[in-house]
Structure formats: structure tokens, C-alpha cells
Amino acid sequence: MTSLKGVIPYLVTPVDDSGAIKGDVLAKLTSDLIDKGVHGVTPLGSTGEFAYLNAQQRLKVVEVVVKAAAGRVPVVPGVASTSIQDAVAQVRAYKAAGADGIVAILEAYFPLSQQDVERYFMAVADAADAPVVLYTNPNFQRSDLSIDVIARLSRHPNIVGLKDASTNTGRLLSIINRCGDALDVYAASSHIAACVMMIGGKGWFAGPACAIPRESVRLYDLCHARRWDEAIALQKRLWAFNEAFATFNLAASVKAALQIQGYAVGEPIPPQSPISDACRSTMADILARLGDDA
Amino acid sequence: MTSLKGVIPYLVTPVDDSGAIKGDVLAKLTSDLIDKGVHGVTPLGSTGEFAYLNAQQRLKVVEVVVKAAAGRVPVVPGVASTSIQDAVAQVRAYKAAGADGIVAILEAYFPLSQQDVERYFMAVADAADAPVVLYTNPNFQRSDLSIDVIARLSRHPNIVGLKDASTNTGRLLSIINRCGDALDVYAASSHIAACVMMIGGKGWFAGPACAIPRESVRLYDLCHARRWDEAIALQKRLWAFNEAFATFNLAASVKAALQIQGYAVGEPIPPQSPISDACRSTMADILARLGDDA
Amino acid sequence: MTSLKGVIPYLVTPVDDSGAIKGDVLAKLTSDLIDKGVHGVTPLGSTGEFAYLNAQQRLKVVEVVVKAAAGRVPVVPGVASTSIQDAVAQVRAYKAAGADGIVAILEAYFPLSQQDVERYFMAVADAADAPVVLYTNPNFQRSDLSIDVIARLSRHPNIVGLKDASTNTGRLLSIINRCGDALDVYAASSHIAACVMMIGGKGWFAGPACAIPRESVRLYDLCHARRWDEAIALQKRLWAFNEAFATFNLAASVKAALQIQGYAVGEPIPPQSPISDACRSTMADILARLGDDA
Amino acid sequence: MTSLKGVIPYLVTPVDDSGAIKGDVLAKLTSDLIDKGVHGVTPLGSTGEFAYLNAQQRLKVVEVVVKAAAGRVPVVPGVASTSIQDAVAQVRAYKAAGADGIVAILEAYFPLSQQDVERYFMAVADAADAPVVLYTNPNFQRSDLSIDVIARLSRHPNIVGLKDASTNTGRLLSIINRCGDALDVYAASSHIAACVMMIGGKGWFAGPACAIPRESVRLYDLCHARRWDEAIALQKRLWAFNEAFATFNLAASVKAALQIQGYAVGEPIPPQSPISDACRSTMADILARLGDDA
């Protein structure tokens, strides 16, 4: 099965003023990131504003990214739903469109029991016929996965990894200690990627990597080579980007950074506010300091 | 403009095992409730599991209910979205299908500023060309409306009311004191309806009224006649239903009650669990004690 | 046993700049409130800043209030602690100083099980040899009481009542339905007192009654006479005071109101901020409009 | 000024059934830990149940620990209060009793502004005339410190460090990036100590170090020598202890471990429950596996 490791950016979804997907901008961004060394791409993550796109828009995003990636790296779109039936339909559609794997996200409205949550992820994994990465985010989803449920899910042959968007790095160590080789663990931008690599992580799925791909890949390479002191020195420099990302709206901050870099990705989808001047100026400062493209 | 007052049940959405809407069951439930005296009906509320239905399913629900209501009482469907564009599309579709008004619900994924929230509701109201009731629910939505924003929204000619699903009854009094005649206020099942009527409420939108319509209408009539001591005596008897509704999943508890009454409404949409035996038996006890149909 | 009903103000604790209790101001406030008709007084509630006073200061407050009340109305001080041993010591000290009953408050640091919480209140009740009112406040305490635990506690002969400072009025109806005559229920300023009276409440413990005692007693009398339409009209006027109380720091807002009325109660205990000009001016406006002393 | 680094255990407070401090057990534990290599000791932390002890008990704890430490390592007691006046009194009493520094904890009842919080810590630092470590714990305190306030506090000559008991390790990196050499940062048991050391931490204050002092010191030494791969291997083994600590009551879990090791530390202070059999047995398993004393 496709192996997932390294730096996997969450792609933003460029949208014009009428709400239409800007396929050409998305394709160019995808292709450029792969040229700069990222190890995979994930459309339709939180940063990709999946929660604001309808079924047709989501499918189009996957199609554009698959075509632009052209088999160079795995394309692993997010599948997010409140309902099993809809999630399974998404899995099938994205697989048919050429996706190499799935990041499985549970949206919840009414509170769910852990059993209900487990049932959802099992159904997605059954339908996937491809590697599935569980996504947990206690900030935006209403249900979190207990470590017992994660351990059970890790035994499903299609469930290969977990990406956790909490800020609780210790929880990742508990999962790694509990699941061992049965489950690869990935960092999010809320964790210190170098720390997660040090405890056994396999890489990270994160929005900021859209804007600082080269530095992100360099950080991954240092971690992979276990050159921890150099890794942490670079990590400390890059952290300003993660901080901005945590402070501003996720999509807004990455879209701001990409606009500065010349990608016409447009604004976050309304009623989210257009990118603030403060956000844009913070992003410009950070990018200037990082000089990723130098 | 259509006036909204009295008892307006949130209709459940009957679904079969394949996930298809059971239009005949929904039509019969709608018609029966109107026969029993309710003053309006709201499909696609929380209890109606809007969060688990796709666009086609939602539209079908509205069409079925409009046809079954046949103009006897206002049909006021829920419009819920994370995005302005999608919400406006829903408003237009439901109006075209014959809806008499809209209950406007904001779903959120990323946190929104109060200005963003206001912009959403203004856009829905602009598109509605019909009475709009704002719906606030701090338990299930991620953004709540400040009283300042509510006061501004109340000046929009289409925004006629507010239904609040918090448990904070004092907040309703603050809104009533602040907005006066500019905004009708409705209770939810989390409030004591008779208390909300006493402080100036105009009625209630609530799931339990699906299962106890006659007693609900009797309570409304006592409140409307300002016969408070009789009203509160009845309210205290009916409260067990609200308690069960708050304890179990909303859709599950009303579906359980309706199954007991002979409506084949099916189970909550997966991964929500089928109705538990405990829920079913509590509901049976409560219905037996209330004897609504006697 | 002493019966508790009606309007029972939470007394502020006047403190000078050196942190010493201003016994004379507290005595005069107590005596004046009794002259104006309140049915009891509670020193050492939240509004009384118990959380900022040491054991010696707390005892002095009780002694001053008992002496000033001079047996005219029950004095029911708050007993608040994290530890059973300390709570029992407080109960004994306040009883010895002449207290007629106890408002029992649980402070928590580590999370407690419902059993631990029950054990605390049982120990306080065993030690009290006087009426005990349970105080629950999900905003400031870390542990809330389940209705099952409340029902068990209500069987203790010394536990006569419950005062709930949540905003969830429906919860009070659930408690009233469950415990019936075994437990008197009182409102807090976060509830609409007239609504709580309508569903069976026996009165209210509240900070605002320090500043608007006559109007509060008038409201109680209307409720007691079941003149609900007049009661609610008065309640709507008084509500502005409850709103201010919820917006500003509790102690700060009541201290501001009392300063305006000529009581030299001083400022909230540091590091709480001195009363803001905005708070003072809002309070002045409200008091002018209510004209309690006219 | 005394330098604080390395492993600084939060000492439990041994209490007998009558609630009296068991000074002899506390003295022996303190002395043994120092013999095993810890770099300092902190009585009256969360694990030390400060929240359950009165002023006399707290002072006795400090006196016992200072005497037992006998100048071999710094004694840095916790000072915790809701009020500035009381906190300053504690600082003076503990300094007079021989404390070498202070861990400053803010208890809150009413919500405080960031300015109020800053005022509290400044007042404690002014009074200390010794190194002060800020303690932040969003789980148990009601007020958290913004990074702006932390940066301002770090300029106070007595404020030398910060220990953060959240689970958000990224926040520590933000603080380290922002404050640089002006503020030493320490881990808590909720963080992965080796990760905090890698990003620039100076050690950790933590309850588990009471029970596994030798392994804790060995971990510190590996980190200090920047032997990260060995450090993380040991860290992964020790993590089970942190997990147990997070799952059970903090004081209960460390008291259980110490009882197993032969220290008659008694039970957590009521109404906290005595140590559960499950907790005791988990602790025995973990200690057996770690074999700290081998």
C-alpha cells in the first residue's frame, strides 16, 4: 500500500468572488509544492475549507489535484462528514478520481458515543481500499477518539496512520507507546514537528507547509537523519509561522501567505472575513525572515 | 407577513435503512400534527437531523411537508449552513418549494467574529423575502449571537423572531427587554415554555411537540389566556418529556416516541446509534403518563 | 427548625485599604436591609468574597452580622472549603457565633467524583445541627451536583434547601419535580426570580438584593400572592440590575451600587480591580431608574 | 541568586487520619529524594495538596522540608492564593522559614483580567527577595497568562522561570522564543520532559519524580548531555508514569506509588477519595517495570 511519510501540505482551496473553484491556481500550487520536495498533498483538510464546500466543489478539488500531481506523490484528500453514508460516497468518488489514500475526518452535530465514532471510521476504512489516516481535532470536531478506540481502529488493515491536531503532544506519545508499528503517527501545525519526529512520528500534515515547503522538507530531512540539534534550531525559526496560523483563521493565514508569494488564491469563503491587514502583514514579515525561496 | 406564534414542532425526518426519506410517513405526521392543533411546522431543525442530510434530501423534506400542510399552517423550514452562498441557495430552493418562512441556523467550523455571524444572518434575511426566525444554540453551534448583534438584526424587515436553544432563560428576558416589539421570542425545549410565555414569549419551536401536540397546544392556550397557575401545573407534568429529550439524543428520543405512537419513522441516521431500549422505555412511560391522545 | 424563605441578600464584605473588615459598615448595611424588609441575610457568599478572606476574617464577618441582625431575621452564612475538615470547623465556629443556618458551598481543586461531593455535603450537614442550604454554581465551582445526588442529600434532616446559581432554570424545575417537599428551591440572580417562584421556588439568595431590597421584597410579595402579571412587570424592570451583576464582577457591581447609596464598602479585594467607572455609572443609572428608596 | 535546574519533585503532603501533617514521613521522603540526586524540592504544589491545607499546615510543611533538606538543594515551596495580601504573607512566612525561592501560583474565584493577574505576580515577586517561578495550569487555575504578560513579568529581577502545566508543548516554545534568556522554562508531567529539554527547557517540576527520582535524574542527565536518542528511549519507558498521573487524581497516584515504596504518606485529604485499588495496582505494575531502585 502507498506509504505516507514526510511533509504533506494541506492545500488551500482557491475560490473566486463568485464562489467558483480556481482550478488553475490550485493545479499550479500543487505542482510547485511537489517540485519543492513535499512528500504528498492533502486537499480538503481544515485549511482546505472542506467545511465550506459542497459535494461538487469537493470532487472538483480532488480531480484538479490528482491531475496536477500526476502520480509524482500520493494525493490523500480529506473525507469529512456527519453521516456514514455520505462519507462512504465521498471515499468512492475520490478513489474513482484517482486519490491514493484518505484522511478520515468525523464531523459531529449531536454528541456521539465512542462506539458510534468507531463505527464511522470502520465504515470509511472498509470502503477505502487504500490507506486511511485518522484525523482527530478536539478544537473543531465535537468528538474525540479515546486511545482504546484508536488501538482497535489501528488493527483495520486499511487504517495506517493518525494525525492529531490537538496541542497535546504527550497524547501522541501515549498513542505511539500503545499502538507501536500498527499505526504511523503524524504531527499537525499545533505540535512541534521536530518533537513529534523525535518520539517516533513519521512526518506531518499541515497547512503552513503550503507556504514554506522547502524549509519544511529541510526540517524533515534533519529529523529523519536524527540530527536533532540542527533540527531544533531550524524548528525554532519556523515556529513563528505555526504561531500565526494558530492566532489567525487557518485558511486565512495560509491564503495570505500564498497571496504574498504570488498565488491568486482569493479570500476565505464567506461569512469568514477576508484576510485582515494585520494577518497579511504578519505573514509578510515571517516569510521575509524565513526566506524559504532564497 | 405570515405571523408565527404558538406551538411549532420540529419535525423528525423519517429515513429507511437505505437512507432514503420516507415521504409518506413524514406527510402523515405533518398532517396529523396540524389536525391536532399545532400552529406551524418546522422541518430541518436539529431534531429533523438537518446536519445529516444532503441538499437533495433536504429539499425533498421541504416539498413533502409543504404538500402535506396544504396551506393550513405556516411551513418554516430550517436553513443551516457554514457558507453564505449555500445558505442563500437553500433559502431560494425552499421558498420556491412553497415555504412560508425560514428558521435561520448558522453552522460554523472555524471560529467567526460577531461581524461575520451578523453578515451571514443579514444575507439569509435579504434572500428570504419571507419571515426569518434566528436560531441560536450554544450547545451545537460554535458561535453565539451577542445581544448587540441581535438588536441590530432585529431591525431587518424580514427578521421577525428569535428562537434560543440555550438553557439560559434570563438571556431571553434580556433580549425581550432590549428588542421589544421588533423581535418575537420563542422558547425551545430547554426552556420552561410557560416561563418564557410569562416574560413575553410568543410560543415555542420544539421537538417534543411532535409527540405531545395536544398537551402542548393546551399549555399554549392556558399561557395565552394568562391562566398561569393552571399553565404551570400542566407544564410541570409535561417537563418529563423535555428532560428525556435533553438526556438522550434529540432525534433519537422523538423518533422513539413517534414509533411508540405508530409512526414508522425509522432510526437516527448512522453513525448515530439506533434508539436504545432505555430511551424507548422511558419514552413509553412518559407517554403513558401524559396520555396525550386520550 | 428555622424556616428560610423570601429575599435573602448576599452581603458584601466591606474592607478598607489595609484589608481589614469594616465592621461598622457591615453592621449598618445588615441592619438597614432588615429594616427594609428582607427575610434573612447571608454573609460569606460569592458576592461576599468568601474566597478572598481568611479564617479570622470570615469569623469576624459572621460575628458582626449576627450582632447586627439581633435575631430579627435568620443569619445564614456561607461555609466554603475544599476540605471536609475545614468546612466542619467553619460550621462549628459560625454556629457558636450565633448563625441560624448554613449555605454549604464546595470548593474544588482536583476533580471530584459525585460520591466525593456527596460525602462533603453530608459531613457539613451532620455537623450543622441547623438548616443547611446546598449551593451549586457551575460557573465558579468545579463540581456540579447530579440530580440523583441532590435527591439523596435532600433526605438528610438538616438539608432543607438548594440554591442554584447556574442560568439553567429548567434544571430547577427538574429538581422541584424530583424532590418535592423534601427540598426548598431558591433562585439566584442568574435566574428570573418570578419564574422560579412560579414553578415552586421559595425565594432567592442574591447579591443585587443588597442594593434594591424594597423592590426585591415587593417582587417577592407579588409572587407569594400569585399576582403573576404584576410580578412579571416589576421583574422586567428589575432585570437590568441582574444583567449588570452578570456583566461585571459580582462583588464589584454590588459594592459600586452600595457606594452610590452612601455605604463606604470599599473596593473588591486585590488583585480584583477597583470598581470601573463604567460599572459605577451603569449602576448609578439603574438605581436612578429603579428608585428603590422613593 | 539560587539557580534552579534539573529535576525538582513536587512533594506530597503526608497526612494522618486526623488530618495532621506527618512530619517524620515528609522529612524522610525529602532526604531520600535528595540522596537519590534530585536538584531541588517543591513542597505545596498541586501534588502537595496545597489547596486542602490551612495556613498553619502549610507553614509546618515548609519548616519540615527546609530542615530535612539542610541546605543540600534549594527548597522552593508553592505560594498559592486568591488574594495579594495572603500571598505576600505566605511569601514572607516561607522565606523566614528558610525557603530558597518560590513557585508562584494564582488561585482565582471570580474571573480576572490579565492586568489583575499581572498585578498579583508582580506583588509576589516584589515580596520574594528570592527567585520566583511562575506556575501556570489552565486545568486547575481559572486564569491563564498571555504570552505578552509573561514577557512583561520576565523583566522583574526576581522572576526567573516559568513552569507550565498545560499539555500544550508548543506554547512553551513560543515562550522560549519570546523571552529568551530572561526566563527559564520548566516542564510539567503533562509535557514530554525530553522534548521540553530539546527546545531549551531547564528541567522539570513534577509529582512523578517523587516516586522515580533516579530514573528522572538519569533522563535529565541524558538530555543535558544532548544524547537525544538515548533520552527519548528512556522517556518512552517513563511515560507510563505520567499517563497514570494524568488519569488518576495527582496526589492520589503519587501517594499510592510512595506507599508501595514503603512511605506511610496516608490518603488524599477528604473529600478526595482514598486511593483506589485500580490506581494502586497500576502504580505497582509501573514501578515494577521501571525498577527505579535496581
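Quick notes on this one:
In order of appearance the chains are A, B, C and D, and numbering begins at 1 in each one.
Keep this in mind: a contact is a pair of C-beta atoms (placed from the backbone, for glycine too) under 8 Å apart; a residue touches a chain by one contact, two chains touch by 3 or more.
All values reported here derive from a predicted model rather than from experimental measurement.
Chains that touch both subunit B and subunit C: there are none.
Where the sister copies subunit C and subunit D meet, the same residue numbers recur on both sides for over half of the interface positions. For the pair subunit A and subunit B, the distance between C-alpha centroids works out to 36 Å.
Centre to centre, using the average C-alpha position, subunit A and subunit C are separated by 51 Å. Of all residues in subunit C, only 166-171, 173-174, 176-177, 190-192, 194-195, 198-200, 226, 228-229, 232, 235-236, 239-240, 242-243, 246 touch subunit B in the complex they form.
Taken together, the subunit B residues at the contact with subunit A in this complex read 19, 46, 51-52, 54-55, 82-86, 106-107, 109-113, 115-117, 119-120, 123, 140, 249-251, 269-273.
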